[in-house]
Amino acid sequence: MAGSIFGKLFRVTTWGESHGKGLGVVIDGCPAGLPLSEEDIQLYLNRRKPGQSVFSTPRKEDDAVEILSGVFEGRTTGTPISMVVFNKTQRSQDYSEIASYYRPGHADFTFDEKYGFRDYRGGGRSSGRETIGRVAAGAVAAKLLKSLGVELLTYTKSIGPYEINYETFNREEIFRNSLYMPDAAAAEKAGEFIMQKRKEHDSVGGMAECIVTGMPTGIGEPVFDKLNANLAKAIVSIGAVKGFEMGDGMAVAKAIGSVNNDAFRMKDGRPEKVTNHSGGTLGGMSDGSPIILRAAFKPTPSILSEQQTVNKSGEDITVSIKGRHDPIIVPRAVVVVEAMVALTIADAILENMTARLDKIVEFYKN
Amino acid sequence: MAGSIFGKLFRVTTWGESHGKGLGVVIDGCPAGLPLSEEDIQLYLNRRKPGQSVFSTPRKEDDAVEILSGVFEGRTTGTPISMVVFNKTQRSQDYSEIASYYRPGHADFTFDEKYGFRDYRGGGRSSGRETIGRVAAGAVAAKLLKSLGVELLTYTKSIGPYEINYETFNREEIFRNSLYMPDAAAAEKAGEFIMQKRKEHDSVGGMAECIVTGMPTGIGEPVFDKLNANLAKAIVSIGAVKGFEMGDGMAVAKAIGSVNNDAFRMKDGRPEKVTNHSGGTLGGMSDGSPIILRAAFKPTPSILSEQQTVNKSGEDITVSIKGRHDPIIVPRAVVVVEAMVALTIADAILENMTARLDKIVEFYKN
Amino acid sequence: MAGSIFGKLFRVTTWGESHGKGLGVVIDGCPAGLPLSEEDIQLYLNRRKPGQSVFSTPRKEDDAVEILSGVFEGRTTGTPISMVVFNKTQRSQDYSEIASYYRPGHADFTFDEKYGFRDYRGGGRSSGRETIGRVAAGAVAAKLLKSLGVELLTYTKSIGPYEINYETFNREEIFRNSLYMPDAAAAEKAGEFIMQKRKEHDSVGGMAECIVTGMPTGIGEPVFDKLNANLAKAIVSIGAVKGFEMGDGMAVAKAIGSVNNDAFRMKDGRPEKVTNHSGGTLGGMSDGSPIILRAAFKPTPSILSEQQTVNKSGEDITVSIKGRHDPIIVPRAVVVVEAMVALTIADAILENMTARLDKIVEFYKN
Amino acid sequence: MAGSIFGKLFRVTTWGESHGKGLGVVIDGCPAGLPLSEEDIQLYLNRRKPGQSVFSTPRKEDDAVEILSGVFEGRTTGTPISMVVFNKTQRSQDYSEIASYYRPGHADFTFDEKYGFRDYRGGGRSSGRETIGRVAAGAVAAKLLKSLGVELLTYTKSIGPYEINYETFNREEIFRNSLYMPDAAAAEKAGEFIMQKRKEHDSVGGMAECIVTGMPTGIGEPVFDKLNANLAKAIVSIGAVKGFEMGDGMAVAKAIGSVNNDAFRMKDGRPEKVTNHSGGTLGGMSDGSPIILRAAFKPTPSILSEQQTVNKSGEDITVSIKGRHDPIIVPRAVVVVEAMVALTIADAILENMTARLDKIVEFYKN
């Protein structure tokens, strides 16, 4: 499993299983001098904790982060930042049944195929808890970005058929409702929808959206390491994401050029796009307008409804997944999307420093 | 521009500008022993050449590939494979006007912002010709995959409002119409739509789809290097792609779990998915069903219609982009999508060989 | 500090400071199915602990390793293996003086130049304790190699002017004397030499040697990633190493071709080198003979003798480094050399699996 | 052969075989705005051409470089720089005999073991001509470094027993004698020695040395990516190098700390090392003093003397390697050493820009 390292200069390595001793992350390449405390991280981690609302699982988790290295007298030193969340309760016995068959929509089958066996306790490495390391690292990246004037806003755009109304978009509302929707009315309807589906022993999908403002221009590398390409990888690497869009996204397939192109006009002595169909990049580099992206999350695969599957003995069976599972993934995943975006942009901003000789010469003169 | 290298084990480095001396690619990490000729590559490159139909630009390009290294007596040797397509005609004078302003929907502005200046001739590095290196390398990857039983099928799924009908899906039809659509009726209507929009000095968007069959299970690495995540990066790195989907894609946001989950049943002694909403991966690893992905391409940004933009002197101006431009990107991009998918999967298949100790021990025993 | 990740497929990320909460490592890419226990790691870590002999510092350290992830029911699962050694005692007050000046031969000055400040407690990240993560990961790599028949033997070759006698080379003796020398007589003289230099408030240098047997042929990649090149990086990345040799090493500069070339003869139906001046590689790939390499370690820079240096206020000062410091680095570094060699070779052995198409086809047929 | 890519930000990919169509390199990550012409590259390539003196092979090679991309109006654009040297003469027939057996000291055997077969013409990829790509890229890196005030001086330090005298070190002399020695007297004696050994159908080894001045402090990353570690890899990746040293090198093994440590004193308001036993780095980062390193090259393995080896049919045979071979590798390799050092340092200088938040904030303010 050589897939747990992300990034080129701001590199994160995550580790840990749902029911192992803990989960964590090491950041290698965080610049020195960033004020950083465990509270900075905890605020992010709290956004992914369950039990925050009636819509998420009542499991009691206490994900307290510890910084083990890389911070001295309140600032990052430039050395690797190791962070860990120890698992408090490891009830392996709950999962003995799961070990014997392949849950539909889960990675049980593919893990067995690839590695020959798996840590089946709570999903092991493919559990949603895997994102703890991502979020902890993303909190550091977001703080780094903030010091450069780059800010991220992430929220639930839709749940099932219920979508936010952009005309009444309310930024403050995001943290007021447990679905992280910037629209109280949509959140209420979505909430009822979730409750109804849960009663039907089913689950629902939804969409998250992230907007990044304050971006310098020219961030991202043309060709393969386009900012949008790296964002696509970052977002689709989150479990349950099946679609990714920038700007107008899939809709561009039905658009015409005269409408889809964003005109430029001078504003305050700088070229500025009049519209933002592109979602903030041109040719893979940031164009000065906000980065806008969306991720489509599938419904929670663990449902109480009966499902057909096979067991490890090669028999067709019918199962019903018990346990405390959220009927919707999106709200808790909003902060994971934000974390992955922060990691990707922080990395690109560092790499961009090496693009021009005149700026390099100036850098080393000082 | 440190973004022109793709892959981890099967690594490709592309180079070249639209109006420079040529364009090419070096593959480092292609296994030894693959039969390979220039004709193998040329067949792929021909699929991206213009002038194939009334819908694409009448520019005359003769993209003849030369293999400069890495092949000996008809087989790859394991050493880097360098391939080049020399540019035949370099009419830089055509582009002198473009140098002075920023074309809407193009990378002119962001290139200048990042690097301080740009090779403006024909779009330089951000021209569609940049994909020559991708396609040449993709042809090698596809041949490698074929020797492992993995096959790729790529085509135009929709153009503007016209979409293929899966009930009359005709594989042979793909290469019969110049739009690469597996549906003659849809192709005809789409063709008329393109002609109409061209008359209106406009352009249209569309969607490409790729299906990969014969995949071994377990390909892809969990967490960040999920097969779907790497495919997302690969596809979104293609210029003009604004959206990416696997399986049911964006639609999962409105789905419910009991439908979205793919049930397993035993078939010929192996677990097999009954449906394929997931698009061929579970937990980031191939699950034995076909890989299915889609890319949404924006309309060609170069249009004859008047557009508002700014010039390098900081003045608001109105422009009309002359020149011979396709009114639709998708058909010529179909092979680019196939190439990027082939590169991504070949790389993942190589990396997967190191996943299990028992197989490694067996490998070295032989 | 983006320099704490090593390897391409078997990738390790180390973290931790001398006086922080702990030190550790995450391995991403260890194959699944390797039996692994904390005892396997501890045996390696014990070889780098001080207090083992009169020649090493009497500091009491208890470096007990914990495996936090990646192992399930006694075997590696293929997921990242996170290992940590918590620091028991953190006496930061001991180091307050060091914070004010730059110790000769240490990284104090360069850390301040690069990062603007440093964690000065016990040398922070540039302490010898940094190697804990290397050794823990190396223990896993060594166990992986053992399952493939590859074995490592590492020892002290010389201390000051005292060198081992190869004619009386005694493998068992290595672990009998505290200097890890395979020659009891040389160890005794070297021990006396160290005692004498310590009395003079001075320190001494020495050389470590590593021999790897059971290597498959063809391991290592031609050109930049030659096995010897990657070994050179691995070894020179160990603090205090100033020279690296393979086979005849520096002496080849004075050799003649007719002697330096290793002749081949058939043996048991296979070509075999008659001599091993090359040290086990030809053209960067293993040639079937033992890998032989050496590392020259400088004397411990921390000495009680008076030295001239400058302080952070920009004044010339004279210092005497107090504290409990080994007068010789080599014996404790022997296991670090072994760890780095194991990591490098394990990585190369994994990458080599992708070199030939016929073997790949066979791999996926099974 | 996934080993032909070098570097992290300034990344070079080399390709080409001795008797293929040509050899070349692609640089991905060279900053935009560097004035660059083919002449800049040619001057470097000329230093590795044979036929420059009586001591090197009389083969006539005309290695004329072409820049195919990445340069526009005389300056690098930030896009990949592709450079090629086409082979003029491809006399494959000369090498038919070599195909049948394994030359001692060459990579014939290991290539066959790894890949199953090899391009045997002139050594294929393991020929000395492989370094063409390194040198072409190194010329670009050296020009980049020069614009930052960093200069490289590389020369032959010794040939067989004849070593330069540092007291009469003459920088201008390096390019006056065909052995690239900064000491006319040593060069004369070394020349006679080479002539004598050639008459005896033998070859000789030697040592190259490189000094880098004008280094900023703090370049290099602690732990694995130490500047010295990356230099070690760079140098040992050159064919025929068997030993690598920084500063006092192997001699530190016999040194004592009170002598080996470099004292600091204030000079012109900055701390400066009084001596330079360390060779320019402390803790893996540049310390402001010159970088000093050495490489030991083995004697040319191709000799006319009879040697024992085996053929591909598994028979013991005796061979005598005919053809025009230099009896000494070092002089032509001097520029290869310089190229690899330039590549390594350029890369490290770019990466170092991301080390400190305050400098990053300042960079993006401008």
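Letters A, B, C and D mark the chains in the order given here, with residues in each chain numbered from 1 onward.
FYI, a residue touches a chain if its C-beta (ideal position, glycine included) is under 8 Å from a C-beta of that chain, and two chains touch if they have at least 3 such contacts.
This one's a predicted model, so the numbers in the text were calculated from it and none came from an experiment.
Engineer: Tell me, please, which chain's centre (mean of its C-alpha atoms) is farthest from the centre of chain A?
Structural biologist: D
Engineer: If you tally the C-beta contacts, which comes out ahead, C-D or B-C?
Structural biologist: C-D is joined by more C-beta pairs in contact.
Engineer: What is the distance in Å between the mean C-alpha positions of chain B and chain C?
Structural biologist: A distance of 44 Å separates the two centres.
Engineer: Measure off the straight-line distance from the CA centroid of chain C to the CA centroid of chain D, and report it in whole Å.
Structural biologist: For chain C versus chain D, the centre distance works out to 26 Å.
Engineer: In chain D, what residues contact two or more other chains?
Structural biologist: Touching at least two other chains: 1-5, 9, 14, 29, 32-33, 78-79, 114-116, 125, 222, 351, 354-356, 358.
Engineer: Can you list the chain C residues touching chain A in their complex?
Structural biologist: Contacts found on chain C: 1-5, 9-11, 13-17, 20-24, 26, 28-29, 32-33, 66-70, 72, 75, 77-82, 84, 114-119, 124-125.
Engineer: Taking the touch rule as given, give the residues of chain A at its contact with chain D in the complex, in rising order.
Structural biologist: 8-9, 29, 31-34, 76, 78-79, 144, 147-149, 216, 222, 349-351, 353-364, 366
Engineer: Which residues of chain C touch chain D once you look at their complex with the stated criterion?
Structural biologist: 1-6, 14, 102, 104-107, 109-111, 113-116, 125-126, 130, 158, 160-161, 197, 201-207, 217-226, 228-237, 239, 242-258, 260-266, 269, 271, 274, 277-279, 281-288, 296-303, 305, 307-310, 314-316, 327, 351-352, 354-356, 358
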